[in-house]
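One chain, chain A, appears in both complexes that follow, with chain B as partner in the first and chain C in the second.
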Partner chain A sequence: MKKFLSIALILVLIIGCFAACGDKNTTGDPDSEESKPPVDDTASDETIKVAIIGCHTGQNAQYGLGVLNGAQLYIDQINASGGINGKQIKVIAYDNKSDNQEAINAFNRAVDEGITALIGDVISANTIAVVGEAYPLNMPMITPSATAAAVTYDDETDTVYSNVFRTCFIDPFQGEKMANYANEKLGAKTAAIIYETGNDYAVGVKDAFIETCKKLGIEIVDEEGYATGDVDFMSQLTTINSKNPDVVFCPNYYQDNGLIITQARKAGIKATFIGSDGMNGVKGYASAADLEGTVYCSGYAPGVTEAVKAFDEAYAAKFKTEPNMFAATAYDAAMVLCNALQIAEEAGLKTGSDEYKQAVIDAIRDKSADLECITSSGYTFDERNNPVKNAFIMKLVGGDEVYVETY
Partner chain B sequence: MKNNEKIIPMPLRYLINIVLFVVFLLVMNNLIVSGTIPKYYAGVISFIGVNIILAVSLNIATGYLGQLPLGHAGFMAIGAYTSALIMKAASGSATIFPFALIAGGLIAALFGLIIGIPALRLKGDYLAILTLGFGEIIRVILLNIDNVLGFTLTNGAAGLQKIPKTTNFLITFIMVGITCYVIHTMMKSRHGRAILSIRENEIASESCGINTTYYKTLGFVVSAFFAGIAGGLYAGNIGILSPSAFNFMKSIEILVMVVLGGMGSMFGSVLSATVLTALPEALRRFEDYRMVVYSLVLVIVMIFKPSGLMGTYDFSLNGLLDKLILKFRGNHTEKGAMPQEKKGEAAVRKKEGKLK
Partner chain C sequence: MSLVISQLINGLQSGSIYALVALGYSMVYGIIMLLNFAHGDIIMVGAYVAWLAMVHLALSPILAIILAIIACTLLGVIIEKVAYTPLRSSPRLSLLITAIGISFLLENLAQLIFKADAKRVPPLITGPSINIAGQYVDFTAIITIVVSVISMILLTFLVRKTKMGKAMRAVSEDMVTAQLMGINLNSTISFTFAVGSALAGIGSILYCCTYPQASPTMGSMLGLKAFVAAVLGGIGSLPGAMIGGFCIGLAEAFVSAVGLSVWKDGVVFAILIIVLIFKPTGILGKVINEKV
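Take a look at the complex of A and B:
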């Protein structure tokens, strides 16, 4: 019996293995025309394939699912209104579990299936890994959430990856913004920082913040780090309290920030807390009284314009949750991409060909300024393909995240 | 006993395996270069190769030596960063790559020695905890060393980027072949038998005059060396390294491969590394359920076959050929006179390539 079972199990595993290899033979057959667009375009003339790759499971799933839903929402709207030049957009969504290896696998698979563009990846490291594969293919890609500066250009040779765009801020931009804001609007003279050392996002924002503070003459009285997964910040916060700074900068994700702010009030810190877009969502992680007055910059402010309200409602109706910032930037990314696809289609180019991809890239770069996007009025890109857009300053008032101004 | 006789002479046995492996390499390489196997599959196959080396190398410490180290990802990280830094310094020159790989392996082996000497005085749980701590230390050092040094070496949390992608299918699988060959021959040698004897009964083997500390350290260092090589291949494959990729879960993932395949079975390690790398990809179309299926397979195997799929059994092509020849002869001379097999045959014997 045991022997039989183990043999059966081995067989299951081996068959599973062959299923992986067999994929292209068995399931590939029906859509073989689709999966090889350069050879045979009969099927892909009907649909345009766009991949959405990100972390749909795992610890960063909240970001990945936001991106997936936001982009899917816009593409569904386009498809419902007749598609692009009569062609429907087919979404190929793959999970990368925040793993670089999976990200590359997923991208290669999507390419084999004949995508013409990519919305993703979500996490900076995954995106950089995929850019390494996508740049030689000149595959148009827009990331709604990878904020590391090195995503769109090679920081060693200073060559811009002409095919890579994003609709979110970069890390240094947020650090600069918040330093300026602290100086100009909050009148801060001294600042302390508490940041997660194992997080490239937090480190990137922090470095830019310190640099700008030096220029502006804000004194950094204390800089405290903590390790990923820490939940007790009392020792760092006690040190910060003894230095009595005007503001405390927390460039971390919202769960950590909630704990930090709660413990900081217990440690006696009265200073204003300021943060970057990772602060978005902090209201569920600390009490209204502790959070009162906390400011952060965000790429998205709910309900500021009619377009945003419409987006909020459509999103809530479809997915039964409120959209987060990444859903909004992903919606914009899908809008920018679809507009570019439209232009490439109208130029009469063959879907998926090299000229087509180049036309899409050119259109993203040059023809996105007049779109009615929800996190920015149109997109223009600087020489490193980063969007030129303003930040929304959000403030915690009575336990709610309220839009203050566009800064 | 006539049965113990090897019908195919020794040099021929190696020759058969080597020829088969080379044919496998050439055929697969041609298929990949010509594009018959699409890039996605080629990529997955390369990652399978890296995972095979990891599983087979951990199998020395876990399967043959009978210890439970949980820091394999740490050695992999050392090898990966070392060879990545060398490759970056050499700006991707292909001739430097083998040296970068070996340097990665050697540095990892050095750390294996440093950690192994004190660690292997401990047993069971204590060793597990210690190596687990070691793996975490490596990761935290990689994260923070730039602040200590004052210049950019590992690039901290953002990770080492733009590593020249010099690894391809051929290099990966040549390394797989070499790894399996070296480990196989080592385990067949006097040293390997000494290592096996420690697993079976440490006190008994010590009383036979085996220097257990020496052989335990040896096994550990060899295991670390090949983990370093695998790390170097991983770096060249993926082009970006971040410390978070080498966390505790990565060590567990490798351990799962070894345990699922059967501790002490090289064939099992190769098989389960292949299957466990391919399975999540195969299940990609069932995106929401794939991790459930993956976990379920592990649970079921552990319930019904706790010793792993292969137990300690190792597949040997030549052994199979021997048996077939014997059977064939037996049929012609004295029917059924030949005993089918002997129990001790399960020992470690084989070369990997033909399995793929």
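Take a look at the complex of A and C:
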């Protein structure tokens, strides 16, 4: 019995060791050279370290991997053409698993490894968590995808996080855009809304849409909500149909929108559906006939310019998959950041020093207007560090999502 | 007025699917006193089979429907043989926990194999809208209601009039005595699972006609609501399951129609709580005296 017990204990210990090792391996990203001890200052003079933190596994992996790949693509291109001031950029990539605590841990670890800037995080909640750590350090930070207003601006203390920027547009912006578009281009006089009530994104876009509609004189004839996970919208859509609106606004994600539009046609709704960038990808979730004419705004449109085409091809060649919007805004984020790093390097500042970080932040804010970016012709930022950029209007034609215009 | 009729039909349509699933719950509960929480996930598997057959094997909708129903039936029997039969003499709590385990197993397997995002199931049954009293009603809504009512009638016939049905009733009444009377317990219970799962298969097809997406967790909420329907109707009672299903569907449609759609799930579970407090046997349930 004693023998058995001791063997069992040994086994448990061994398994424990393995488990611990396994854990270590999953914290970092397999693509990066990870688990290195903090590097001393002499090494950081030769390379510029940039962290890319996001959700690379789990439910939101599609977003996080898009960001990682998009940013990596640009940085690889810069490195291949000689780097910045002769210095190579070293990417430190960590997976935050869409978890706030993991996000903070990953950021702190990256700081210990001597990063000079951060591209990330991906999800708004994670980004807000990391901003809390990054703001006191004045760490230059660009998120390609966090759309919540609170990422760059604290409502309670009326503070703008001066070190945080983004290359995506914020939620309310899309609601405004689509209300204006419905008014100007679709001639809508009445609108109905169906939105996911428990989703900050949907609510944010919806509120801005309603506010703008009021200003423009579009009457909101019906506002229907649904709970997360619902699949049956027939009752709400029957009510909407009875009010006969010109447009139906769906600021939700594409899977829900696919179900909504399919059921709406069954309920007899003939109106045009309009949506926000969450609509991107809806073509796989409803029939071409039901979707025909649906429009939404997007932060990225494939192949609109030569630069975008080149990006699409390079991305597809490297990662064997089509880029998504997150990859595009991440590519832009990397471009804006590298440009700022270049300016700071040329000023002769010590890499990673406080002055250096401030120079990078100033350069992002003031010197990004002339860049040839993928989703915007250069970036300028408003007083809350939100980008001033146009949206791409996409339309469902024959079951495909095609670019219509830049609005 | 037409709005009221439309909403009624919406309620009956979703109610029909709840009713079909609730029938499976009730049958299994009736025979081995097990709340088969894996029942909802069998529907999920049915939806994925239909999707696989249509999208990857390019089969016709009819074949896809048949395949999905067969797959559900087989799966139900396999689950019974592998997970529940070995535990037949164990406490009922062990069975219940096993059922929950099977439910998690199926959900996570689906997530592993098909990934977490939903798959669009192509239209399985299509047809023109039908004009009923000046009101256009979607074809799938009619089919859903008609098919579930027919299934219910056939099932009642099976249980009341056939020899197998007699065996099922006998087993549910007293398992040991039924065995003494020469009824093959194993095959009767397997048959019950097969029928219940086939109904789940039909349910999954009707579900995919109205909500054309297959996702790994689609069965859990559907299963829970069908469970509420079964409890409301009186668990173990077949007509009760049907009535319960329609009540839940209509309640949901009503709540959404008055603009409280966000409260839909809340109302369903409030019904469960109220039924359990005031009439635990449900609408048509019998009072079972615990044998001492």
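The criterion applied here is as follows: the second predicted complex is superposed on the first by the 367 of 407 C-alpha atoms of A that agree within 3 Å, B and C clash if a C-alpha of one lies under 4 Å from a C-alpha of the other, contacts with A are read in each partner's own complex, and residues count from 1 in each chain.
The rule we apply is simple: a contact is a pair of C-beta atoms (placed from the backbone, for glycine too) under 8 Å apart; a residue touches a chain by one contact, two chains touch by 3 or more.
Since the structure is predicted, the reported quantities are computational estimates derived from the model, not experimental observations.
Contacts of A:279 after superposition: neither chain B nor chain C is touched.
Partner contacting the larger number of chain A residues, of chain B and chain C: B. Residue contacts after overlaying the shared chain place A:227 against chain B and chain C alike. Shared-chain residue A:258: touches chain C; no touch with chain B. Of the two partner chains, chain B is the only one that A:94 touches; chain C does not reach it. Of the two partner chains placed around the shared chain by superposition, chain B and chain C are both touched by A:197. Legend: residue contacts after superposition of the two complexes on their common chain; A:105 is shown touching chain B, with no touch to chain C.
In the superposition on chain A, contact is made by A:242 with chain C only, not with chain B. Once the two complexes are overlaid on the shared chain, A:148 sits against chain B while remaining clear of chain C.
Counting contacts as defined above, chain A residues 197, 227 meet chain B in one complex and chain C in the other. Residue ranges of chain A in contact with chain B, taken from their complex: 2, 5-6, 9-10, 12-14, 16-17, 19-21, 23-24, 27, 56-57, 93-95, 99-102, 104-106, 108-109, 111-112, 124-125, 128-129, 132, 148, 150, 154-156, 197-200, 202-204, 227-228. Residues of chain C that touch chain A in their complex: 3, 6-7, 10-11, 13-14, 116-118, 120, 123, 136, 138, 140-141, 210-213, 215, 217-218, 221, 252-253, 255-257, 259, 261-262, 264-265.
Against chain C, the residues of chain A that register as touching in their complex are 59, 62, 197, 224-227, 229-232, 234-236, 238-239, 241-242, 255, 258-259, 262-263, 266-268, 284-287. Against chain A, the residues of chain B that register as touching in their complex are 38-41, 43-44, 47, 140, 143-144, 156-159, 161-162, 165, 238-240, 242-245, 271-272, 274-275, 278-285, 287, 291, 297, 300-301, 304-305, 309.
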